[in-house]
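Next, two complexes with chain A in common: one pairs it with chain B, the other with chain C.
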Partner chain A sequence: MTTTVVEQWTAEPLSRYVAQASARIVVVMTPAGQVLAQHGFMRAVDLMGVAALGAAIMASSGALADLVGERTFGALYHAGQRHGVHLAGCRTPRGPLVVLTVFGKETSIGLVEFFFGEFAGALSAAAPEAPVRGPILAENFEAELGASLATLFGR
Partner chain B sequence: MSEPLERSLDRLARVRGVRGAMFVVADDGIVVTQLLMEDVNGKAVAALAASLSRKIGGAARVAGAGAVRFAQLDAAEGTLLVSPAPNDLLVVVLADPQVNVGLCRLEMTRAAEAALG
Partner chain C sequence: MPLVNFTTREITCKIVYYGPGRSGKTTNLQYIYSQVPDDRKGQMVSLATQTDRTLFFDFLPLELGSISGFTTKFQLYTVPGQVYYNATRKLVLQGADGVVFVADSQVRQLDEDLESLQNLHQNILEHGVDIRTLPMVLQWNKQDLPRDLILAPEELDDALNFRGLPTFSADALHGAGVFETLKAISAEVLRKLSQGASGRQG
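Let's look at the complex of A and B:
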């Protein structure tokens, strides 16, 4: 399985998390769905779809939490027949991040949840300060997306 | 259902040397109910004990030994005891190395019966 990172500081915490939690797929992204690192994907189209859906789920659950008077929901867990999906946010100096983990029967939600806590701490410790960003322009957006995909999938 | 479980954990926690006792969902490694000393990370113990239980179960099956009835892990500074319970639960006990394992096992068996509901 491949692990690729856009921002190098995520590499070591990610590979340790994948090994400890026996995760099949991990995506580290911003709440907007910009992927910083991934493990387990071979095709850009799959990764972009999962990242967009994961970010959307986190955004909608955050809005739901707000409606019922919660600051945020800690983590979301979807249990399937063969796979489980764990989706959780963490705060880092770079800004809030979202981590989506897909795991199989070789591990458990308890293990994933436990090692996610360590992973979130490691990301927070390794993260640089948030970069100063200019306004988001359509021409920049496409160039940045293209650059991220090229880094992740080498094209 | 939770009251009998909590009562059985209370009995387990009274055994000298026991630092924590919990019911854990075997497949998920998530705590159902627990009674722990302050310094015990229940979430970690539950997740790792369930993982250990699955692996021991697999080893026992491969070895033709059948279903695991009790597991004891002795470490330098503690003992982990795991026993299956009805409804896909595990009874997990974390104790000092000098704990009376026999007494613990008796109380764990009673706790497993409490999980029948």
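Let's look at the complex of A and C:
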């Protein structure tokens, strides 16, 4: 299974959580659906679709909580025939994060919830404040952008 | 702001197609989806009603290629255009790095275009973002319709383009202007990333 991390501080907590909870897929993302770390996907474009839906579920359930006067609904759990999905948020110095976990018959929602608590704590402890970086793209990036888009559209 | 991974040299940007109901936001994404090779796109996700109106959003992940040595990925979203779906529109706008406003060029739709544009400004403001800092382009869609039914690009510019933003005439159903619009918003987003000392470090 593939693990990739965009922000290095997530690597150690993620690998521990995957092993402890026997998770098949874990996606750590911002509330806007930007992925910081993941386990289980080979292709970034497949991962982005799952992240968008996970972030949307969290956002809509948060809005629903607001409407009915709840502060939050906490974790969400969906049980399927072969897979369970656990979706929960956590607060870190990096900002609020959303974690989506997909697991199979080899583990249980109880174990996932238990180890998610530890994972959330580890993320919070490891997260840095968001750093600011200088300009990153070359001055002529627009020519490369044009060429990439033209290739993408077969022009 | 775009997510930048300096370790693996990747940039991920979120672009939202906004506009009134039936202006052609989903059609833009469907056209893009139809043109891009399979190895550069993910599955297009559409959360729609039984009559194919967007209920929550459409989503299309794209892998653009390498820009300045960074593998660049785009997440393209649409919002539901109908007035009563504002709560979901606002959720989708969260964290947007750029916005394409898709206006319906039909004369009788001008009020809906204006209302939607005002609604965009309001929702952006409620997210604590100054709209003047958000990369944005305007698309005048359905310019293929008979001339007596639509407003000319100059008329739409007068009515909707208060900020002198880049504009593109389009016929999204057949693809005209779709590519140019995407190219322009991509350039705006990456230009802002390049100029503003922004981007989260990986």
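Note that in this section the second predicted complex is superposed on the first by the 130 of 155 C-alpha atoms of A that agree within 3 Å, B and C clash if a C-alpha of one lies under 4 Å from a C-alpha of the other, contacts with A are read in each partner's own complex, and residues count from 1 in each chain.
Here is the rule we use: a contact is a pair of C-beta atoms (placed from the backbone, for glycine too) under 8 Å apart; a residue touches a chain by one contact, two chains touch by 3 or more.
In this text, all values refer to a predicted model and were calculated from it rather than measured experimentally.
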item: Contacts of A:L149 with chain B and chain C, given as first, second, both or neither; value: second
item: Which of chain B and chain C A:L111 touches, first, second, both or neither; value: first
item: Which of chain B and chain C A:T72 touches, first, second, both or neither; value: neither
item: Touching partner for A:T30 - first (chain B), second (chain C), both, neither; value: second
item: More chain A residues in contact - chain B or chain C; value: C
item: For the chain A and chain B complex, residues of the former touching the latter; value: 107-111, 113-114, 117
item: Chain A residues within the chain C interface of the complex; value: 4-8, 30-36, 43-49, 52-53, 56, 59-60, 63, 130-138, 141-142, 144-146, 148-149, 151-155
item: Residue numbers on chain C that touch chain A, as the complex places them; value: 3-8, 10-12, 14, 35-37, 40-43, 45, 47, 56-57, 59, 61-68, 70, 72-73, 75, 77, 87-88, 91-92, 94-96, 179, 182-183, 186-187, 190-191, 193-195, 197-202
item: Contacting residues of chain B [partner chain A, same complex]; value: 24-25, 27-30, 43-44, 46-48, 50-51, 54
